[in-house]
């Protein structure tokens, strides 16, 4: 424990080494090496627990990564309480996901690559979380993006998977460029990139500049946490294996955006305008994603939009200044959303389809998955007694205090959350099985992680006080009014879903007709995706090829080749003089003499 | 000063002959004209600028010798050309232009 | 009209007349006569400048040697088809160039007499001393070269004969 | 003395390879490999010697009788990374052309002489030797493209030669002007500072040849043609090393001799660099020919180098050097892979490829790795150089860095779209019997992969070397001459 907590470098180096080992092991040893992949997240979790237990932050292991002629860019790792919390989250969720994957990916032939990438991801994520310098954070940030690209495109034979992978990387890359600009601005203003120094210098930076820095960092966070408008990649990212979605697109990577804002909180604190932007974007994303999730037919798409919506909640809390509430919701969300994703994974593994219309009555056939799914959905909707209720309540309370209007929007969003959560639950786990396969419960390897995740989903709510203290916030009591309102709203959502279910499965079909055009809009996520492809991606290709054909080939190359042709032209002209008649030559001689001598005289004058 | 004008004029005339005559012989004659004019010019200069006579004469002599050799070689070429292909017109001899 | 100006005028007239003869005549023999007149004129000019030896050399070498040679060449070349008609393409271009060159020649040389042209190289005397003195070898080599040239002439002409 | 060995050894190898080429095909390859490995060992020994006496630069010069330094080689912190890069790429180039069978002797001889010429440029101690070596580089490259190239190789070789030659003619004028003023001839010891007004145009004269070589934006059209037609080994050396003598020349000659001129020209250079980044990325995205795509990516990468240099700060120069060394490795790896693919499929049309990951997994993994390194993924060698150029560029030119940011994004676009079109998706029918990368190619690729990772994780190794020299340059720029 202390060894790992002692030097953060080992927490990063170990996963990378394991990844190399697994990849080197290849297919022959995969059945053994796949268990190695479990060691990496366990180490991260232990390191986190170590620091949390002793609550003594480890000293930063800094190194002058790039130094030349006096100016130095440091890179380093350190673990403080915030990092420790994130390490625990990443560790626990990743462990469950890896164990689950051993069952889920059992019959896949590229398992070494899969588990190596998972280990690599864990290493990169822990580097991101433990970074004590913005450079290391940025390195972890992009490596995590690369791992998500490679994992989404894991089944590269499917064109849609490889397209989704590229889309994911590029959209997050836009965010990363914004963040890079923020870093560059910080570097110019404060002359250093190490987080403690930057945070110390934050108050002195001019109001205007600090707001721009905060906004740029938020662009990076929005890209990674799939906030509007950079959210288009998350629904497509469902092309990847489900455990990957559970790990990366539910708990860890998407949470990095929230972590970044919390880590760089002093910069955001002095930039109120930026905080307002964060609040607005958070609320808009929360509400917008919740509406879209209500009409999705693919179980994973529902969960994807739900994640976007919940992240919207967290950013709204950050916008309202409640970093504690946001982090707490992040933690509980990580637990129950990972649980739901793994549950959906177990369901998909059993029925070989992701379309909820071909499911139904699975509670009887898959009791463990069913019950754990119910716990997850219960927590997600914020119904009382489970973790979701406490964390969501904290978020809504803080947002209500900051901006009442935003609070109401969030309450509406949580109604929709309850609706879509239970809509899926009714149609998948109740009634009669509509599919053609014969679903059965996965092995212990798949059910154990579900149970393991169910525990925090249930219990975490009661540890809000110690959680807040570890992050240095005072634990506010539960606000009865807000709690009451949110519970009633959740119950309404559940009843609505039940009403929909009672009308029978064909109700799903008629949804399209009854809602009419609204359904189209909602289903395609307000057409944002098609808008982007039509107005941004396609023209890029046209512009690129036009530039190539016209500017490069004709203009610049033309100029280069043109000079060659010009010289040949002069050559041919000059050769015209060599006609062969001697008198022509002689007369040229004479003319030459006259011209030269006249110049000589004119100069000599 | 008048010698200067004379020689320049005759030199120009010689050049004219070279340019306009088609027969090689005439061209050679033109060359002779130019050479002669130059020689006279040289000598008139020598007397004008007080250069000792002998060196002027030596130089003129050299020019003379060269002119003679040149005519000799010119004649030889003309003879061989005419014998081989009966062409002594400058226009027909186009090979020069490569 | 002192004697020497008369001599000068005569020589000049001879030179110009000969040159014009060469320039304008249609008949090849008249061309040769014109050339002869010109060469005599040049010899006269040499005399006018008091270089007797040069004048005699001129007469011997040119009038005696070159003209005779030319006549032979004409004889050889035109044995077959009688006396050819000298055809001349009098065109303004050539005349302009001739006039231009002579005009420019006149202007530049007039300038040089005025001492404007930089005195390049050493005056004539030492060259002669040099030529006939220490570097007699070079002089002889030049002579040898000329000899070889003449031999080459014979070879060129000779080749044609045998065939 | 060790420096002379570095230049002479490849030359001897070249002669041996040429002579042995007549008898049988295998011998020159072995000789070439032996020579390049030996040269690499010598260059490492030189590095050790440099590090031994704490970064003092060591020089070897042969002075003519009137004391005029005729031939002087200088091995210091700035030159050493490039010399090591050349040695490494020399080995890779020889391995890449292992299966060349028409006149292998001549081919390897030219490769070795190219390596010798380039090493001589990096080690050149006098302006004259710098110029002579600079021109000497063109000759073997011209023949390599001209003889072993593809379809219209003559046109490409000629265009390459004349384009670069014209640039270096201007550079010669600049060098002569510099020589007349400083007289010393040895690079660096500027006894009498050149007057400021002369420096303004002197810098552009000196930089002309180098900008063509880098290639800076408008002067780049020779690069795609040369690369598309060059044989694999030619491309590796051309992209890996030849483009670096431009950047190196700027740092070693143009800036120290005309600091005022450089300061005046810096914004323009930065502009060219940024345009290069965006333009190169855009062009690469529009390509249908794989090799041309990689060539244009080189234009984009070298745009960063130019940007780094134009910042004029120590970290900016360091970023430029890092970007150059990393581009040498990444472009070398990319051309090795594209070349090996071309040898088996005889086509460079990206459209005809698809789903190769299934058929040739080893090649596909290497290609994805190279593409990730090329888009500047942190942890790989591309990132430190470009990151430094970016933040220092921001320090000097502020919001002009936004187009550079767009360029960084476009880099990801063209790299990933290339990987997707070649590796991912369903396997194209015609490649169902394609053989995977051969062991020779893997052996050639291995050192590059390792170097890319090592340089990505610990760029300090290179920076430690270049620190003293870069401090000197910034000191000159800072006013002290």
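Labels for the chains are A, B, C and D, by order of writing; each one numbers its residues from 1.
Keep in mind that, in the parts below, a contact is a pair of C-beta atoms (placed from the backbone, for glycine too) under 8 Å apart; a residue touches a chain by one contact, two chains touch by 3 or more.
Small disclaimer: the values here were computed from a predicted structure and weren't measured.
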**Report entry** Closest chain to the centre of mass proxy, which here is the mean CA position
**Finding:** D
**Report entry** Approximate Å spacing (C-alpha centroids) for the pair chain A, chain B
**Finding:** 95
Report summary line: Whole-angstrom distance, CA centroid of chain A to CA centroid of chain C, is 100
**Report entry** Cα-centroid distance, chain B relative to chain D, in whole angstrom
**Finding:** 64
Report summary line: chain B to chain C, mean C-alpha position gap in Å, rounds to 5
Report summary line: Flagged in chain B as touching 2+ other chains are 15, 19-20
Report summary line: So chain A residues touching two or more other chains come to 583, 587, 590
Query raised in the report: Which parts of chain D, given as residue numbers and ranges, touch two or more other chains?
Result: none
Query raised in the report: What chain pairs are in touch here?
Result: A-B, A-C, A-D, B-C
Query raised in the report: Any idea which chain B residues touch chain C in the complex?
Result: 1-6, 8-17, 19-23, 25-26, 28-30, 32-33, 36-37, 39-41, 43-49, 51-61, 64-65, 67-69, 71-73, 75-80, 82-84, 86, 88
Report task. Give every residue of chain C touching chain A within the complex, in rising order. Result -> 93-94, 97-98, 100-101, 104, 107-108, 111, 116
Report summary line: chain A residues touching chain C in their complex are 583, 587, 590-591, 593-594, 597-598, 600-601, 604
Report task. Sort out for me which residues of chain D touch chain A in the complex. Result -> 159, 162-163, 218, 220-222, 279, 282-283, 285-287, 313-315, 317-318, 355, 357-358, 368, 372, 377-379, 383-384, 387-388, 390-391, 393-395, 398, 401-402, 405-406, 408-409, 412-413, 416-417, 420, 423-427, 459-460, 463, 466-467, 470-471, 474
**Report entry** Footprint of chain B on chain A - complex, ascending
**Finding:** 578-583, 585-587, 590
